[in-house]
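Given below, in the form of structure tokens, are the structures.
Two complexes are shown next, each including subunit A; its partner changes from subunit B in the first to subunit C in the second.
And then the complex of A and B:
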């Protein structure tokens, strides 16, 4: 038992994250039983899912940094293998990219752990407490944070997330990039930022900068996407910004907000990816241009998607609103301690939230509302149109949680999971009364429904949609698909340049470093021309240098 | 048995070579049997050697009962037994792999003869306590390896073997020159005796000169940058099992082991020399991996990675701290396992598809599950992904760099590790992942012995990290690193045991 306690730790934070690791594993397994039913290699798939669960629990509960690193690094390999189950043409390249970014930062973490050990002589997380006064401590913190950022998908290591979202099976995306990797990445960021290192205001500002940048940049990219899952992938990046921002504020309410947002994000983002997977399963595509009008055929999926979309956009009374609200309060709190940049952080967080809503409007229009694309037919039998219970049930559970965690935020999740983690007392600047607001909302919805049904009493004529007298069915080019909603943002001044550079992958750390690497490679390959006398000349030259160095 | 076991390492492998050349031409099954059985015997003997060294400490055997400095001694200490296990373990797996793999070549018996001859040379290098004897064994192993590189007798194989022979001979020449200088200074060839006769004050000039000659000679055998250029030509041209031997153990026993043995135990280390070794190690690490990442020939890519990984080993050892030396030696062991496994995997692919070009492969995991799983294991090991063995040794090396306050070296090690991962995910992507190309629709998984040897090595990759855990590390890794840490006692121990 003592050996066990030496290497593992069960405190409020790890138990809270551990519970949800279990929870998401169960939901994903259930969903996979529907989604992966007709796939090859399913035993391996479930083996990897199981191993991921074990490794995640190991990483969450490990107290020894080396042990933590073993589990954490192994998760990167599992992610790589799980992405490999996708069937797109680009899947191997995506898996490779994800693994290089994650595995690469993992090695940086090894350097960070070595530096921590050099500074303290300890590997036990609960005993370490390093002030960021020396250069080494800062480097150690940054190395460890890089690992957390890559896992969670914060900038600048985020570029694997959208690719993985597009090219891997939906349950895998819902499982790793959307929920578990976020839980673990932010968990570790919280561990290092709150316990192992004592951050100063400079580092906090840096974290908030990373957070804000991630929020805005990723949501801007999300606006212009044409693929359902890829668009969600960019949101998976954008939302990480709120968590980093929350933790970066360094005050209890902000940190609580960041952690709560981590949980909420895992809930609604998994739900969104489950919906995307269901749509993909039934419609056989995720391209927004060829989707549309699915609300009629897949009502359950539509409703769960709608709830999760409201939650991610931060609309009350859903859970995303509460955690974003807490993060905003955390930012306001930093203003008191003399930070002058809080306006920037606050504006970018709110701006990001608005753009999130905007891009989900686009998704709703393109996938569920609007007109079905030309020539597409859903499954002929009506009962086949909605997915089976195994696939809609997890989404429904998650959508339900979005609601519960929003309305009863103080009573359930915050009280049981989040506040025990933050030992200091938390003060709200007037928390909104969720109960009253919810009742008002419900009343307004009921009234709305009443009006709607009363209106239906009158006889209506139903007809196919038309524009300018032209029937839409016969003129598919007049269909409003929703994909072009925000294409014009690409034409605005400076944004035009940024989008063009982004299209060239200038901001993709993976692409940039691979260009540099291959530059070195070409230069060195040029020197290796295969001529024996050249090689011999090098040997002698090398020996000459050695002679010079040692005998001078 | 005790010390009498020591010469068996040379005797068994030499007699295997002899028997095969005698009967192998007539009896088709004979070379396969002797090859595997004798290497298995050698593996058991080396495990036994670890056991007796752990119990009784260093052992010395005087050949023909002639005492040094006149006679030749064989010395078995922690480092030798550690290296013997590494070499013979890989040799056993390679011999087993060759049963199926070499069937497509004519005159298998010649192959096994040369193989066992090379093994005899390597084992001899590891146990000898006489510096000229070391040179002789080194030449036996080298000459056998030239012939093995040329074994396919195609145009490019002969060219590679020629280059290899020329470069390697140049290296041997400088080693011989170093030995000559040492002999002229001390009038003895026994390593223990030389170590005792050298006094830093009197011989400092000659010590420096000899160190440089050895650094160049053994550095060339170990393929340290800038003496590395022969390796990417020579190693891929040999038949795959031999590539596994060359990259897996030959460069280590002839290069790293001999260099460390002589520099640490005989000449005595200076901080100047260690810092030069550190620079060379880091250069090898980075240049090797930068060259590897752009290759499309699978075996050539692996060969460049050998240069890079040798850099890690040298970096670890040349830190000179206990942790660094343990890390370096552990990485040496791990590298022999996963690199020989990777070469065997490339051999398996070549066996079924006939190509080494990554661009022509694709989706092979569907048809060759064992090869692809073992290749994944080895690739993860070399990239340092936990919990595979390469992770532990890289971790030790990085921690050792930081502990010694060589932060930049730690960073370079990290960078090389990231690039290694990148280049092996490339291998996995092009060879095994994705959709199966139509021309490979009919291929089958490799035969049983090839599978078996790959599985053995993969299992060691998975569980190799356990060797560092308390209980297992004392007889193996700590004994080996103890020899280098306590190098000054080598000479006195040997002399005391002979008396």
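And then the complex of A and C:
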């Protein structure tokens, strides 16, 4: 028992994360039973899912840094194996990219752990408390933070997330990059930022910078995507920014907001990936150009998607609003201690929210509303078009949680999961009572319904759409798919240059470093071109140098 | 229970009445500018009642639920915002932290409801209009947020409307300071775009996309949208008044002052709308992300300096 207590640790933070690791594992397993039914290698698939659960729990509860690192490394490998279940052309390359990025940062973490050991001589997380005064401590912190960033998908180590979202099966994306990796990455960031290291204001500013940059840059990329799952993948990056920003504020309400956002994000992003998977299952594609008008055929998926989309955009009274509000309040708290940069953080966080909403409106048009694409194949019978219960039930549960965690934020999730984690007391009087606001919103909508009743809306008549006299049936090319909505944004001022550079993958740390590596290779490969006379010339040269050194 | 009374009396009835009246002012002034007589006072109300009696039509291939639910979402959120604002004005002490953020987020919902309604129509013109509305939201949101920061900073880093009002009672209106004046100019432009009035009526643009998102709406849902727009014509200037002009107080002669401030704002909005041509969406984006954002940043900078 003492051995167990020596290596593992059960405190409020790890228990909270552990509970939700279990929760998402169960939901993903249920969803997979529907999604992976007709796939090959299902026993291996469920084996990997189970191993991921065990490794995640190990990483969450481990107290010894070496033990933690072992579990953490396993997770990288399992991610590689799970992405491999995708069927796209690029799947192997994507799996390799994810593995290399995560493996590379794992090496950095090992370096960080060894530096921690050099500084303190300890491996026990709960005993370590290092002030960021020496250069060595700063480097150690940054190395460990790099690992957390890569796992959670914050910039600059984010590039594997959108690729993995596009090329791996939807339940895998919902499981690892959307929920477990976020929980674990932010969990570890919270551990090192709140316990193992004592951050100064400079490092807090650095964290807030990373957070704001991640929010805005990733969501700008999301605006212009053409693939359902890839677009969601960029949001999985963007939302990490709020969590890093919250933890970076360094005051209790900001940290609580960051952790709450981590939980909320896992909930609605899994829900979104589940609905993307359902759409993919029924329409056989996730390309936004060839979807559209699915709301009529997949009503349950549509409603869960809509709720999750509102939640991620921070529309009250859903859960995303509450956590974002707490992060904003945290940022404003930092303003009171001086400093001018808080304006930048606050504006990028709030404006990022508007951009998020914009990209989800695009999805709404391209996938669920709008006109259906030409030649789209759906099941013949109308009642067969919604996915089976195994696939819509997890989404419904998550959408329900979005609502509950928003309306009863103070009473349920914050009270039981988040506040016990923050040791300092949080001043929280006068918090907006979401329950009251929801009741008022419902009454306001009832007023609208009364007006509908007055106007006898029930007597509907169906008509052809009016296109200024044109006939829509004979002009099928008159369809707005929605993918070109934000082309205007791409053409404005400096954004044009940035988007062009992004298209060349200048901001992709994986591509850049692989280019550097292969650049070295190319230089060295001149030595090995297979021409015998060149080798002979090198031999003679070497011999000459040797003779000179020996005989001079 | 008191909230319910506020909601029904102030949030809905009073707001709707003032909104209808304001839309009459708008139409009358427009008519006079164009050498026409203009409608009688009751005309906006008569229009609504007439629409209620008309048949409701839903386009084929549309998502019926989203098509009909979208107007309700918009109307509901406007009523809620209006209730929060009235409550703030009449009881500045009894408000909650962060109500500015709630109001800002709720003010996006009317645009959102128009966008969803347009998408749900399964009509290419409506989709184009909705996408323009979304881009317009994106463009004005950045300077709008920056401009709102000015009262937040001047009121002592508070996210509470009540504290901003109290600050203005003690120290004079925020419009009187340099930063406040600049931010006011910016937010006036943003409100013009939020109301989708000329020069920013790009989403509706009757002459090119026939009303955009509203093209397929008829009868009662259209009446709800019209009512929502009329109510916004009250709610948005009211929000500006609270942030920059000391709000609306019922004590003493302040209420006349409040009415004058409101009518002045409506007249200003109407004049802007009548003296400008419609711009293109990319021009609007450049305008808001360029000059307006820079102006708003200057205002924030001045506010941080204490001017």
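Just a few scattered comments:
Here is the rule we go by: the second predicted complex is superposed on the first by the 506 of 552 C-alpha atoms of A that agree within 3 Å, B and C clash if a C-alpha of one lies under 4 Å from a C-alpha of the other, contacts with A are read in each partner's own complex, and residues count from 1 in each chain.
Just so it is clear, contacts are C-beta pairs under 8 Å (C-beta built on N, C-alpha and C of every residue); 3 or more make two chains touch, one makes a residue touch a chain.
Note that the structure is predicted; figures quoted are calculated from it, not measured.
Of the two partner chains placed by the overlay, only subunit B lies in contact with A:77; subunit C stays clear of it. Within the superposed three-chain model, A:448 lies in touch with subunit C and out of touch with subunit B [touch as defined at top].
Judged by the touch definition given at the top, the superposed model places A:33 against neither subunit B nor subunit C. Once chain A of one complex is fitted onto chain A of the other, the partner contacts of A:346 are limited to subunit C, with no touch recorded for subunit B. With both complexes placed on chain A, subunit A has more residues touched by C than by the other of subunit B and subunit C. When both complexes are overlaid on chain A, the residue A:528 reaches subunit B alone and has no touch with subunit C.
In the overlay built on the shared chain, the residue A:315 is in contact with subunit C alone; subunit B does not reach it. Of the two partner chains placed by the overlay, neither subunit B nor subunit C lies in contact with A:51.
Across the two superposed structures, the residue set of subunit A contacted by subunit B and also by subunit C is empty. Only residues 66, 69-74, 76-77, 80, 84, 91-93, 95-96, 99-100, 103-104, 106-108, 110-111, 113-115, 117-118, 136, 514, 517-518, 520-522, 524-525, 528, 530, 532, 534-536, 538-539, 541-543, 546-547, 549-551 of subunit A touch subunit B when the two sit together in their complex. Within the complex formed with subunit A, the subunit B residues making contact are 162-163, 166-167, 170-171, 174, 208-209, 211-212, 215-216, 220, 226-227, 229-230, 232-233, 272-273, 276, 287, 290-291, 293-294, 380, 383-387, 391, 394-395, 398-399, 401-403, 405, 407, 410-411, 414, 417-419, 421-422, 425-426, 428-429, 433-434. Within the complex formed with subunit A, the subunit C residues making contact are 3-4, 7-8, 11-12, 51-53, 55-66, 68, 71-73, 75-77, 79-80, 83, 95-99, 101-102, 104-106, 108-109, 112, 115-116, 119-125, 127-128, 130-131, 134-135, 137-138, 141-142, 145-146, 149, 152, 157, 159-160, 210, 215-216, 219-221, 223-224, 227, 281-282, 285-286, 289-290, 300, 304. Taken in their complex, subunit A has these residues touching subunit C: 293, 295-296, 299, 302, 314-316, 321, 325, 328-329, 332, 335-336, 340, 343, 346-347, 350-351, 354-355, 357-358, 361-362, 364-365, 368-372, 429-433, 436-437, 440-441, 443-445, 447-449, 451-452, 454-457, 459-468, 472, 478-480, 482, 485-486, 488-489, 491-493.
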